[in-house]
Each structure stands twice: as structure tokens, then as C-alpha cells.
Amino acid sequence: MNKKKIYTIAGISAALILSVILLIIRPTILVYGIQRAGIYAAIALPMALVLGIVHIVNLAHGEMMMVAAYLSYFICTTFGIDPLVAAIPTGIIMFFLGLIIFKTSIAHTLEAPELNQLILTFGVAMVLSQSVNLIATSQPRKISLDYVSASATIGDVSFGIYDFIFPVLAALFLAVLIYFLKKTRLGKAASAVGQNPRGARIVGINVDLTYTIIFSLASMIIGVFGSFFITKFSIFPAVGGTFTMKSFALVAMAGIGNLPMVIGASLVLGLAESLVMSVPHGAGWSPMIFFGLIIIVILSRSFRSKQ
Amino acid sequence: MSKKLSALTMMLIVLFSSVFFLTSCKGKEEKPAEPIKFGGIWPLGDITGDQAAKAAQLVVDELNANGGLMGRPVELIVIDSELNPEKGAAAVERLATVEKVDFFVGGMSSGVHLGQIPALKKYKKVTMWTGAASSTAETAVGEGQDWYFHLHPWDYNQGNSYVEGWDDIAAKFSNISIDRWFLAYEEGPFGSASFAATQTLFSDMEIDGEAFQSAALGGGDYTAVLQRAKDYNPDVFIWAGYAADALPIMEQAKAVNFTPPLFIGAPPGWPSDFGDSALAENVTLYGMWAPSISKVSAVSKKFQDAYEAKYGETPATYFAPLGYTSIEIIAKAVEAAGSVETEAVIKALKAIQYESPLGETISFSPSNVISNQGFRNQKILQWQNGNQEVIWPFEFATAEPAYPFTR
Amino acid sequence: MSELRTENLTISFGGLTATDNVNFNIKSGEIVGIIGPNGAGKTTLINLIAGIYYPTSGKIWLDDKDISQIPAHERSALGIGRTFQLIHPLEGLTVLQNVMTGFLFAQKMGLKQAREEARKLCRTLELTGLDRATGEINILETKKMEIAKALATNPKVMFLDEVMAGLNSTETLEAIDIVKQIAAERNLAVGVVEHVMGVITKLTHSVIVLDTGRIIAAGPYEDVAQNERVKSAYLGGGV
Amino acid sequence: MNSTVQKNKTWPVIFGILGVIVMILPFFSGPYIQSIGRTVITYMILAISWDMLIRSGQLSFGLAGFFGLGSYAAVLSAVNLHFNPFISIVFAALVAGLIAFLVGAVVLRLRGMYFAITTLALGEIFRIIIHNWTSLTGGPNGKLLPKLAFDGASIPTYAMMVLFALIIIALSEYFKRSRIHYALTAIRDNEIVAKSSGINIYKYLLIAFTVTAAIQGAAGAGFAQLYGFVTPESSFNANYTLIPLAMTLLGGMYSTWGPVIGAVLLGVLGEFLKLYIPYGHLVVYGIIIILVLLFMPWGIVGMAGRLLKKGESHE
């Protein structure tokens, strides 16, 4: 516990020092790095929640986000409302969609080996993305919004400021989740289930119900994020796939069940990627940062735990 | 051995054998008036392949409504390539040996095509390809393949075409300056090939470039590359990515306050709603075709009207007129030859002057490697008032270029 | 004739010292009880000797060889055998195959020889139905299988970690006989962790008493049972 | 009740006979079926290799990585060193195996999800390096093979793939029947118990990881020899990881015949669905995966084993 704290503090201060250096050399690197990190963290948090409490790797995570984005898109174009407003109905619909997906499929494989859940959710991902492809075609869609181009100029540097909404969103998700898990009865029960499902069952917690609620809640967060997603990105049926992988990797970096560290992992990744991409002709190698970091973090954690 | 076991074994054997018999027997039943068969391979899950296949079917319907080809009905069998080389190659085998088609049409994605080329070479049927820009694919086809007809321009054709276009434009409009270029290219084969081609072709100019990860492949953040471009301060900025990148690039360019005098987008297709955005105004683009060409080409108008009448949607990608071309050009050659024999059709195709729904009239001639290349030219277009207007070649021009690009 | 000896054996996890300067030894033919309240460090001691953990300090001597830094599978081959407190049969293998593992790997036999030897060993333990899955056998059979698995590594020193737990009284008596017989036949050094003192008195020649990782008493059980520190340790430990 | 113990001796024989029948049938059919057959065998080999490693409890997502590595090794060795097709396949297997051996030293410390994600990341790193090392690999545009194995003739290439499959099946059965089986199963069930029985966990995991990576590399080389090209996009496609996984689970894990049957069923099914449902066949494919997992969580081989057990107990 004590050591963990030291590592956390060391990590945070290293990130801070790096940030200050960046801020002096090239402020845009920091700006874009934080914005990237916000997107990573916001989409990884619901996966961290599901992985930490329900203990399943949901390979349909990104596809659910994609479905949410399409839902939000159609709500916006049908009712002529802004995506940020549509986040509310989308979140609610996704809560129930998550509930349905969980109850009809995933819940039945909780007893089966871990791998079965993996393939099952892979099947769910396939059904979701291919259904959307049938309904909406592969043609990318994007709502044109003026405010996403909002810009700030400091000295002679101009940068987009709208994207700061993502770090804010991620912080909001984290705050809500932590409040939920620490302060509410349901949340406390859920934490207990996450740590020890068998024990929780013995003390009378309804584990199945907890799983259902947590999965639905995560789906709701995915839904809200989906609405924010369409403000910045084009959507098409395959758009979600990469986010499953990225979220999974971030959760693995953060450590399962450690929600706040998801933000830390996202920051490290966002800043590192932003740094590499600012180097001329470095963009081709930026995915290397992602995968290299994952391996380094996972390996160093494994060495540390061995000692 | 238990009864259940043997029953199960029998069932499995029956299942497997029936699977193979079904697949191999289907299509063997012969009809009295044997149709002329076209085999099409497109990725049906993608809008390009979907619309190409629909446009191809349109020609077939038109031919049959007019009594078929040489008095024989025409049939089109389309198989999904699933954007997968193995599936694409299996489709060739199936069309050749099970469906026994007379002609191959189709194509979208160089990667899939690379996997299909060995199979196509085995059958050497007249093949009219609508996709694959990578010159690697051209090398794979190789020299002396008379049966192989390639409609889509190769990557270097496209590059040459731009050089020609911009030289023309700069000569005609003296205020337009094209000395300093910056190319933002997606890191896949499509973008990298564009960058390599542009670098060699515009070697007498100042040129720089930077890769980005396309949204289509999991990216979608262009701030770094835009920042680099802005620091470079080019006369011409081109991005070579996919449709999914189109609007977000414009939004992020605005956010970083990047306004080059010429802002060019070069994706293979545009999102249908791109024109609705205010940010689209005066964006220049490369393409083979745009709906506005119907203003200057009667053939294009006829195609577009027929397509809309049949499917109730506007063709959104140039793959639609290309798909149409692939069938119609063979049909015309068959009529001219009076035969479906490969040799005769190849001869007729080599001689054909075809007025295409993409605007220009094409004929086949050798390119760097292959013998029969169809289209070579790209068009330079510009978004004006929500429509793609042609600004070059001047013969198809529907509008004058707006310059410089402003917001 | 073999001897296992620990020398100031210590391990700590984080700030907690689970085994603290433990010095003890067992010789061939001896059966030594390892007792102490819950959490005293009995299983940790076995894990240290078997090589599941490496000590923070101290040494483990098997005869004249310091084995404290060599990996577990090599210690198994050198002659450290053990059973597990929580029984972990290898569920993917049949009973016979479970027993075969020790012959195959610790003794490096071929498949055929290992199979024959495993059959022979099971016969001496009166364990039958060897082609069953491990989920299909009863508790006594499971315990026999565990002992067989340990014996299959041809140990010089063998640790039995609560091998009697969960058995009824007749089964326990049978098990005690088996262990005694084996130890005598093979001239083994045996370490026995047990909570049931009846078993300890019937089975062991002497005992060591652990409390919070330290040896607080050693000697024949009858003597040790009178020791005040031992009494208070058990009272404090709540047993 | 434990599903992982296979005591029945008749099943493997039956599955073996069935498998051989299925593999021989295409010889009497046309090039189309043979081309499907080649694809099915490619995935079958990957599925078996994945199963061979999962028998030790290690879940690898690195199939596509080693597959791509192998296909590049084959093409580059054929182009630059003029290796003939068979030597290039062997060379690819060696390259993939060697790299697995080297990274295995570090990666095999990890378990479960951490091992899975690291193997996935490794595969991506291979792809990125090959993508950016344009001078050697041709970069994003890939590389062409000057000459295909057997000039691409259908029957000999299919025969080559059948031979390849038989070798891998034999290898997998060897893994099932030798001491390796005992070691890997023990490691999967309980590593501490395995160690205490004298099993050198690291050694056996390294053997399994290296051998399966070599198989995956060879499969990639086979692909390159069949289609004559490599590109980073197609050679490192995630499908080469996901589809074999789905096939193995459908057929049944921890056996040779599970992956074989899963590959045949899903491979043929995918092709069939496409012909009858040109639009949306992948939705149906996904639904089938879901239904199978919900109602046959042990796969076909596991299910058949259970049915058989019930049948026997009633007689």
C-alpha cells in the first residue's frame, strides 16, 4: 500500500515535470496531449468499471460506443438538437441496450471460462457493427458544428480549445463513478462484488443484479461518450473497433480495478503520442509509442510484483 | 461403439458431403437460352462496392430490356469480396469454375486485388477492373496480359494528372501560386503512395509532407500534422486520407487557424453530407467524377437519372459510374465483335471509343506495365455552394476556381 | 541417509516477516510435526523449502547442498516432496496422469516407465480407478493421490501439509498408518503440518512450534505441550 | 464433472477419419472448393497452433503478428535470397520461432490478460516496423513474390496445404500424447503444483510459445506462397487472430480435432452464407457465434463427448 503510493506520486510528479518541460518547449504538444488523453480516459473508464467489477473483457466495447454514436447522430438529425443535449437520451437508451445485451447474452456465460466471454462479446461486436453497416451503410457521417472549431490564441500559437471538453468529461465520469462506488449503497456493494464475488454473495449481496446494473451503467457512460464522440469524429460502422483495443490496453496499464490510474495511463499515453507526432516525420512511429508503452508498463509491473 | 455415436458420425458425414455437393453442383443446371454471364466482385459491405454493383446491375437490366446482347439474355453474378484477399480470390475461382462466367468485372482495394491476380491470370478471361490504384498491383499483373483491362487510374496516372492540371490552372489564372506544397497523407498504402508520387512529380517545387493516422483506421486527430503544415506555410495544402477524415480535418484546421490559399482534399470518396457544412466552401478536391458533371455530359446525366430512378439514391462515389462502365464497355465490345470469344472481344475493346458516364471518352492503351489502361485523368473539382464543381479539365469545367481559400 | 537443515531462514512480505530466523532440521526416518496457531507461518515455511518463495535471508541445506536459491522444479528433482494444504488436483489429467507427473519430470522417466511406476505406487497405496477424472474421486482417494504425487518425485524429504484435514476418524487412522509405513519403508524425512493434535501425537517423533514466524519451542510433543509460551500462543491465536 | 479430461479413445479416431474425408473431398471437386479448402486449412493451422498454447493456459493474441512476420520472411527470403517455396516456408517458421524464443524470455513471465495484451502489442509492433522499414519491406505497398508455389496450380497447392495441415495435426497430437501434454496441462491447472512435481514451467512454456509461433509463421508463409504478395494491412490482419480463436471455441478447446472441426464449419459456413445472403451475411455469422457460445459453451467436441457419456450411461 505504501509502495503503491510512492509509485503513484513518482508517476504523477514525473508527468508533471515532463509537462512543464513540454509547456516551455512547445505548448501545443501539451495541449494536444491532454486533449488526446481526455478522449482515451473517457472511453477507457467504462471498460475499467466492467473489467474491475463484472470481470469480463467486453470486446464489443468499441462497437457499443459506435452504436451510441449512431443513435446520437440520428437523434440529432431527427429532432434537430445538439449532440451534447442528445447525450442524455442516448445515455438512457444505451443503459437499456446494455441491460438487454447483458441479460440475453453475457450473463449466461459468467460461469463459463473467461475465453467464452471473449468470443461471445466478439460475436456481439460483429452483430452490432454489421447491423449498423446494413442499416446505415459504410458511408461516414459527421454533424457539422461551429463550436468544435473554437480556437484560442496565446502569443503566436493558436490551438483548438473545444477538445478540452474531453478531459473534463473524463474527470466528470471518474468523479461520478468514484462517488457512486464509495458513497452509495449500491456502489459499495458493487465494489465488494468486484473484490470478492463469492464473499459478497455470502454476505447477501445480489451479485447478479449488481453485475447487470454495473454493465448497464457502463453502457450508459459509453452512450454519453458516444454523443460527445460525434462532435469531433466522423462515424462509420467500423469506427468503434480500435477503441476496444485502446481501452483494454489502458485498463491493463492502469491495473484492473484502479479507476483513477486510468486517467494517469491516458495522460502518459496522450502526452507521449503527442510528443512523437510533433517530431517531423515521427507520425509513422506514433503507434509504436502506444504498443511500446503498454509492454513496458505491463512488464515493469510484473517485475515489481515479483519482488 | 454406441448407437448414438454412429448416428452422430453419420450425420456429420452427411452434413459435410452435402455441403460440398451443394457448393459444387449449384449452377450446373443449364438453361435453354444460355445467358451471357458477367461475374462481379466488389465489397458489398462498403458503399463503393455496393454502388458499383448496383450500377453494374443497372446496365444489365437496361441490356435485357432491349432484348439482351446478340439476342442472348445478360446475367450478372456479384460476389462479395469482403475486402479480404482470400475471399476475393475464392470469388474469382467460383465465378470461373462454378458460375462459368464469360467476363470478370469488379474491383475495389489494391490489397484484395493483389490476392486475386494469380487466380485471374489462371483463367485469362476478359477482365474489366474498376479498382486498385497501387502500381504494385500493376507489377503483379505484369506485361503482355492482353485480357486484362484496367479502368481505374494507377497512382502515377493520378499524380501526372495533377501536375498537368495545376500547370494548366496556374497558367490560366496568374493569381494562383503553386510553388510550395505540403502533403498530409494517411500512413496506409493509399496515402503513402500519393506522397511518394507527388514528391517525384512536383520535384521542381518546394514540397514537404507528414503522415497521419486516418480516422478510418483508428485515428482522427490531425492537430499535429496541421500544426506542422501551418508552420511550413504552404501555397498548396493537400490531404490524402479517407472520407471519414474530411469534415474533422476542416474543423481542426479552423481550430488551429490554418488557412492555406489552396486547401485540397484527396480522399477516394466524400461523405454525402460534406457539402452541407459551411467549412466545405471552396475546398478543392481530386476526383474522377461528381454529380455536377451531368451539367456538361449528357452520358453522365443519363446514367445518373437512371440510377436515381432505379435505386432512389444519388450515386455518392465514382465507383458507381465505374461499375456502370465496366459492364457497358464490354457489352459494346461484344456487339462490335459479334461474339463473346475472348480474342474477338479483346480486339473490339482495344479499338473501342467509349463515352463514359464519368464524362470523358476513353480508349485503351498501354500504361507503364500493362497493355490496356482506361482512365488516366483525374479531375480537379471544388466545393462551391455545397456542390462539387469541376474546375479542371477545362472542357468539363462547371465553375471557375475560387481563390484564395478563405473561411 | 539425508538431512534437511534450515539456517536462520527468514522471509518478509512488504513489512511483514512471515518466517523469522527459523533453524530446524529433519533426518531420514524422522517424522517431525510442524504446529502452531493459524498464521504462524507453517505453510510459508514449507513453501520456502519447496522453492515457491525465495528467502529474504538465511539458507536451506539438503545434505551438503545449499538449495535456497535454486528453482522449485529443481528442488523437486533433488528430493523435496510435498502435498498441499488446499488440494489442487490437476483437473485436466486423470488420477493416474496426476501421479505420473512426478515420475515424468522430477525423476525424468519416459512415459511408459512413468505409467508403470505410477500404477505400482498407486497399488501400494490401494488407490484404484486410476482412469477417472480428479473430480470423480472421494476425499480419501484425493488425499492418497496427493501423497502419491509427492512420492512420485522420489523425495528424500517430504512435507505433508494438513493431509488429514477433512477425513473422518477411520480414514484418518488409515492415513496415519500409510504415512508411517511409507516413511519407514523409504527411510524418509517427513515434516507434518496438522491441526489435530491427536494426529501429531500418533505420528510424530518430535515437533517444532511456530508462532508469528518464529520457532518458540521444539522437542517431543508431550514436553512441548507443557510449555507456557506454546500455551499462550495458542490462546492468543484463538485456537 | 470435468470436461477437459479426455478418456474416450473412439472420438479422436472418428474425428480423424472425418477430417481426412473432409480434406480429401476437394480433390474431386473444382478449383473453387480447393481455394476455399486452402483458406480453411490456413485458419485451421492457426486455430490448432492457438489451441496448442492455450493448453498451457496462455491466451495468445499474437497470431496475426507471427503470421505477418512469417509471410514477410517468406517473401523477402524468396526475393532476396532466391529461396524456393518450401525452403522459404521453413525459413519463415524459423524466423517466427526464433523471435518468439527471444521475446518469450520476457513475455512468458506474464499471465492471463497481461500476456494476451502483450502478445497483441508485439504483433502490432512487428507490423509497425515492417510498415516503416520501406527499404526492405516495400513499406505500406508491400512486396510481390516473383513466382508462386507450383505456379499457383490448384491441385498441387491444395495438396501442399493438406500436407501442411497433416504435419500440424501430427505435431499437435504429439503434443497431446507426449510428456509435453502433462507439463502444459499441469501448468494450466496449477503452476505451483506443477513446479512441485518437478516441471520446469518456463522451459515448457517457451517450447509451446516458440513452436506455435513457428507454426503461425509457417502459415503466413503459406499464405504468401499461395497469393504471391504481402502488405502490412493484409498480412497482419486482425482476422488471423480472431477467426482462429472463434473456430477453436466452436470446435472445442484442448484438443486437436476441436480446431479442425471449428475451422471447417466456420470456414464453409462463412462462404455459404455469403452466397445466399449477399448483404448482411456477417450479421448471421456473428449471431451463430453467439448462439453457439450460449448453448454449446464447450464446443462441438466437448458437447459430443458429453452426449456420448450420457448415451453410454443409459445403456
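So that you can tell them apart, the chains are marked A, B, C and D in the order they are listed, and the count of residues begins at 1 in each.
Definition applied: a contact is a pair of C-beta atoms (placed from the backbone, for glycine too) under 8 Å apart; a residue touches a chain by one contact, two chains touch by 3 or more.
This structure is a prediction, so every number in the text was calculated from the model and none was measured.
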item: Farthest chain (mean CA position) relative to chain B; value: C
item: Chain pair whose interface holds the most contacting C-beta pairs; value: B-D
item: Chain closest to the middle [Cα centroid of all protein chains]; value: D
item: Chain B-chain C separation of Cα centroids, rounded to whole Å; value: 73
item: Whole-Å gap separating chain C and chain D, where each centre is the average of the chain's CA atoms; value: 42
item: Centre distance in Å when chain A and chain C are each reduced to the mean of their C-alpha atoms; value: 48
item: Centroid distance [mean C-alpha coordinates] between chain B and chain A, Å; value: 36
item: Multi-partner residues of chain B (each touching 2 or more other chains); value: 45, 187
item: In chain C, residues with contacts to at least two other chains; value: none
item: Residues of chain A whose C-beta touches two or more other chains; value: 130, 133, 284, 287
item: Residue ranges of chain A touching chain D (in the complex, touch as defined); value: 57, 105, 108-109, 112-116, 118-120, 122-127, 130-131, 133-134, 245, 248-249, 252, 256, 284-285, 287-288, 290-292, 294-295, 298-299, 301-303, 306
item: Chain A-touching residues of chain B, taken from the complex the two chains share; value: 45-47, 50, 187, 210-213, 215-218, 220-221, 223-225, 227-228, 242-248, 251-252, 254-257, 271-273, 276-279, 316
item: For the chain B and chain D complex, residues of the former touching the latter; value: 1-5, 8-9, 12-13, 16-17, 19-20, 22-24, 26, 44-45, 78-80, 82, 84-87, 89-90, 93-94, 96-98, 110-111, 114-115, 117-119, 121-122, 134-136, 139-140, 187-189, 191-193
item: Chain B-facing residues of chain D, complex; value: 10, 14, 18, 21-22, 25-26, 29-36, 39, 42, 131, 138-144, 148, 152, 154, 223, 226-229, 231, 233-234, 237, 239, 264, 268, 271-272, 274-275, 278-279, 281-282, 304, 307-308, 311-312, 315
item: Residue numbers on chain A that touch chain B, as the complex places them; value: 28, 32, 35-36, 130, 133, 137-142, 144-146, 148-151, 153, 158-163, 232-234, 236, 238-239, 241-243, 246, 274, 277-278, 280-281, 283-284, 286-287
